[in-house]
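These notes open a run of structures that come right after.
In the two complexes below, subunit A is the common chain; its partner is subunit B in one and subunit C in the other.
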Partner chain A sequence: MNSFLRKNMVMLVAVFIMAAFLTAAAQGMEKQDFVITLLRGLAVGSITFLVASGFSLIFGLLDVLNLAHGTLFMIGAYLGWTVVVRPDTFVDLLTPLALIISGFALGDVYPLLASRIRLGLSMRRFLPWGLILVSILLLGFILPRYPIAIWDVENYAQSPVTFAFMADSGARLPVQPAAFTEISMPLAVIGLLLASILGAFGISLFDNTPRTVRLSWKNFVSIAVALVVALVGLIFNDQLSAYLYSLNSNWLFFIAVLVATLSGVALGGLMEATLIRPLYSRPIYQLMLTLGMSAIGIEMVRAIWGRPEFVMPKPAFFNGSGEACPATNFADWWANHCSTILIFDGRVRVYNEIFIPLVGLVVLISIWILLQRTRLGMIIRAGVQDSQMVEALGINVRRVFTMVFALGVGLAALGGVLGAPSTGLSNVMGESLLLNALIALAIGGLTSYPGAALGSVIVGMIQQFIIKYGQIGIAIPFTDIIFKPTPPLVPASTVMLMVIVLLILPNGLLGKKE
Partner chain B sequence: MENILEVQNIHTFIGQYHILQGVNVRVPKGSIVALLGRNGAGKTTTLKSILGLTPPREGKVIFNGQEVNGLRSFDIASMGIGFVPEHRAIFRDLSVEENLKIAERKKGDYLRKKDFIFTLFPDLQRLIALPGTSLSGGQQQMLAIARALVPDNQLLLIDEPSEGLAPVIIESMMTAIRELAKESTVILVEQNFLVASQLAEYYVIIEEGRSVQDGKMKDLAADKAAIHRFLGAA
Partner chain C sequence: MKTFFNSNRGAFITLLVLILLPFLVGLFDGASPATVFINGSGQSKFIQGLAIEIFILAIYAISFDLIFGITGMLSFGHSLFYGVGAYTTGIAIKSFGLPLLPTFGLVLAAAVVQAILFALVLPRVKGITFALVTLGLGSVFHILVMSSEFGPYTGADVGLQGVIVPAFISPANERLRFYFIMLAVMVLVYLVYQRFVTSPTGRVCVAIRENEGRARMLGYNTFYFKFVALLLSSFTAALAGFFHTLYQPIVSPNVAGMGFTVTALLIVLIGGVGTLNGAFVGALVYRLLDYGLRRYIGESASFINGAIYVLFVLFIPYGIVGTWRLKSLQIKQGWDRLLEMFGR
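What follows is the complex of A and B.
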């Protein structure tokens, strides 16, 4: 018992302080306000957790402070929005994307090809760059001419804001399907495939480690899949678009979550393999790179989706209204799918304040199981401490690095798409969330997974309670003064808490001593 | 006798420092070879260069007849080389059992080797569920060696096994190393000449990044002058 107390001292003190804080908060407000604020805190905490946990996994294992993490969270939100509001754009993008990926899917074939070619030294130096240049030129020629039906940020009637508004109100704007006019279809398809193969071959030539490759049909499975996806996207373009438009909003939302998360995973893997990996021995450059990536990402989002803010429609499952709403209990809610439910007489928004924390909980438990119960998790936990030793055991740590980076970015993108229907989409959503996540990690412990969860919930709670007190005011004891925290105190309060925690516990609440 | 490992004139840099300036080591199959030398001579770097953790810029490392320099560490290790580093490098967030399981190269390695490992180090069986941090120095050293025994390694690189251990524990450690040397070849880095001379059949002396002398351990043990000159030991 005593050793339990000593071991979990910090945790117990943290729980005690939280309990004291919540009890104090409960005294000063109505029951329904308290419950709603608590749930909102959990919701904000859950989204923060999705970003913070990925960030902390990446930092713990790879020692990379990924400052682009917030931007990737934002990109997840925008990608999800595109699937829900403009599925036709998403379908149009499928073919060129699959074609560009297909060349890289050949992987092991290139070293074999390279070993067959005998080249002089100067040619060997020039060839990779030459191939990459040709590939970029080809892409630069074809991609701008490739027909993709998309919104127009310059024209309000055709802007994402209008499309989002119409989709939210249930009616959709008619869209013009794109057609091959500036370039012929076979030329575009063959050109993209060629560009992809040349580029992938060029990049593979940089790796000079001798390898023995045996070719089998397995080497060609991935390219076959990519080509099939490309062809299906091309031939059945109209049918696919029509099918997606005919789906109800729940399915569309589900696909959006899937697409955003998987895109995050792919983007993360690509980013680690191409940009982060060459810089492991130069951490400062890595930091500058991720900072630059963040800025580039934000500008890209501005260029594609425009600057104004808009919302992602909520799935119908959480968006019912009418006579029976708000629901009074969960059975009632299940029958009507009301957007709100009465809990202690307070109106709670089901999507924002119940669904999001639930997803946060599911992710928390899934990742916990991954870390504690699987071999991959074991390798990650060991690698956080000493990745060189893990490599010396004969484990390909670099591959695990890529996986963890991909997983972390995938989690951020999931956070983005989940948060989009509740907080809306804006160009700055990533930066402010990354700041929250960093504060949460500093409070919880930078490389501690439970610390990321605890810190995120604390940050979410404090912010929401301060916002609530800004509305109702706090009666200062023994005086008649009612103090109303102003909005700037919302971020300031979490920073203050972070400073206090770090002064007492330099490693955060659950962080380990380095 | 056939050599399982040959290190031929390797040069290794760490940052801009030229640490190894020509190290040669021949390791006959089934033997224990001790790398001797003063602190900072380059013994640990030699082990790390064999494994590619600090890849040599020049020279060759030949393992089982195959040139392995230039390959990545995990590929070299996977060919059958186990590493027991200085300061043990036990994973503190993993339990003793997980510390062993993580070393599996094929599924079931741990289950197969369990009995062998626990006869060698009976203490570990008792500690199996504890986290790596709660072990004493001697137990951590045993765990580090046990970890290298989980996969089928043909060569073990053991760095300073007696460092910081009580004499009684050193004794049982030596018994264990003798026992495991029946199954595989061992390269031992050891400051304690008494320990090294009792374990190893061959030695290589490394001085300022160069291998300066090698031969049979029993010849060196008889040559007090050489011991004093190279190792500073009486």
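What follows is the complex of A and C.
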């Protein structure tokens, strides 16, 4: 008991202070306000946690401070929005993407091919660049002519804002059939396939290390899957779009979450393998690289989806209205799917304040299980402590690095798509959330997983309570003054808390001492 | 004397070009040196303005290079130094009506205060935690500047405007004088920095960057050396901020934000980390690139900026000056070979 106290003293003190803070906060407001603010704090904390946990896993294992994490969170949100509001764009994109991937899926075939070809020295130097150039030219020729249903940022009637507004009010657009008008279909398909094969071959030629290559069935399965997806997307394009449009918004939302998370995973893996990996010997440059990636990501989002903010429709499951709403208890809610529910006579939005914290809890527990109960988790935990030692034990740490990076970015994208219906989409959502996540991690301990959760909840709570008290004001004892915290105090308070915590405990609340 | 000139040939030629620049541009534009001298409007005045901006950026970037490139402390709150300088100047002149000299004294005092603020944090946190704490301090200042409570002084999110600059240094009417003052300040800052880095104190700072534990084992109290570097850096950045307020009609709150720290990082990276000269080259390239891209491409300029940033990190990690120094022998050999080819 005594040793338990000593080991977890910081945590106990933190929880105690948190409890004292909550009790103090409860004195000044009504019961229902308190409950709503508590739930809102949990919701903000959950979204922050989804970003912060991935960030801390990446930082702990790879020692990479991924400052592009907020931008990837934002990209996840925008991708999810695209699937929900414009499924036909998503379907149209499937075929070209699958075709491009299929060239790279061949993977091990290229070294085999390269070892068969004898080349002169100058040819060997020139060939990869030439192949990549040809590939880029082909892509640049075909992709703009490929029929992809897209909005127009410049034209207001066709802009994402209008589509978002229409989707939110329940109207659906008619499906535009994808017709190959500017380029013939066989030419486009074969050209894309050729471009991807040439590009992948060119890239593989850079790697001159001799090694034995064995082709495994996995290569053929992956390329077969990619080609089948491409063909299905090509042939049943209009039917798929129509099907997605006719789909229940719950299922569409589910697909959006899936697509955004998987895209995040793919983006993360790609980013680690191509950009981060060459820089492990120069850690500070990795940091600068992620900064640059973040700037590029924001600009891409601005170019594709435009600058104005817009909303993502909530799934119908959480968006019911009518006679019986707001629901008074959960059975009632389940029957009517109301968008709000009454708790202590306060209206609580089900999606924002109950569903999101629940998802956060589920992710918290599942990642915890992954870390504590699986072999991969064991490797990650060992790698956080000493990755060289793990490598010396014969474990392919680099592969685990890629997986953890992909997982972290996937979590951020999941956070983005979940947060989009409640907070809306904007160009700056990534930066502000990254700052929140950084503060949460600094408070909780940079490499500590429970620390990420604790810090996120603390940050969310403090911000929401200060916002609430900004509305109702704090009566300062023994005086008549009512103090109303102003909006700038919301970020400033958490930043100050971070500075104070770091000055007292440089490793954060739950971080291990070096 | 001759060897001194020879070994610093590049520096002297650059200085000469910079002194003659307003008149040369004037000549190309068809304006006589006399017109340039009385600040007639024209291409020369515009180029002077661009050059002044580059000088201010370079002074700011070199101050970042001192603590990041030379001493090896990664600070994400560097824009605080610049922002405090800029806002102190603006508020002192506009709201309190102070003359220029006391304002300058106030800026220096503010620079000492913020260096002490950072130094309080220094012994407790290292590496990435230091970066986070400085980020926190920087964003608190940014938030304060943006808040509506201080609006009458700082202008909140619109920015500080309407600062009445003394007539003898006014950037609108006496731009040539402003240009030469900026040039002199920049040269002075460069000489001080060069002297500092080659001094024993500066050498210890480099040692701290390379291996702080070993520097401490050798008996140096690394805290003092870091503090001196911070102090000098803070002075210089506040100086840049001081001139920023005098030159720009509006002090936007962006200069106190995280983005402006990233600008310093980008400039230093383009020029070469830890090279001092790199800050000048980087500022030149950065500002011209930014100007050119914004003019000919428009809003997506920062996309290309980001791409250049990534390309530099991946392929030219030592920056322009750093790569030049590394490869100078090869470049010289190649040059000789070229001359030989044409000589024969």
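Convention: the second predicted complex is superposed on the first by the 505 of 514 C-alpha atoms of A that agree within 3 Å, B and C clash if a C-alpha of one lies under 4 Å from a C-alpha of the other, contacts with A are read in each partner's own complex, and residues count from 1 in each chain.
The definition used in the following text is that contacts are C-beta pairs under 8 Å (C-beta built on N, C-alpha and C of every residue); 3 or more make two chains touch, one makes a residue touch a chain.
Computed from a predicted model, the values in this text were never measured in an experiment.
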Touched partner set for A:Ala331, first subunit B, second subunit C, both or neither: neither
Which of subunit B and subunit C A:Val397 touches, first, second, both or neither: first
Which of subunit B and subunit C A:Leu5 touches, first, second, both or neither: neither
Which of subunit B and subunit C A:Met389 touches, first, second, both or neither: first
Partner chain in contact with A:Arg381 - subunit B first, subunit C second, else both or neither: first
Contact breadth on subunit A, by residue count: subunit C or subunit B: C
Partner chain(s) touched by A:Leu121 [first = subunit B, second = subunit C, both, neither]: neither
Interfacial residue positions of subunit B with respect to subunit A in the complex: 51, 53, 70-74, 77-78, 83, 85, 89, 91-94, 98, 101-103, 105, 147, 151
Residues of subunit A that touch subunit C when the two form their complex: 65, 275, 278-279, 282, 284-285, 287-289, 291-296, 298-300, 302-303, 435, 438-439, 442, 446, 486, 488, 491-492, 495-496, 498-499, 502-503, 506-507
Contacting residues of subunit A [partner subunit B, same complex]: 209-210, 375, 378-379, 381-382, 384-386, 388-398
Residues of subunit C defined as touching subunit A within the complex: 74, 121, 124-126, 128-129, 132-133, 135-137, 139-140, 143-144, 146-149, 262, 265, 269, 299-300, 302-303, 305-307, 309-310, 313-314, 317
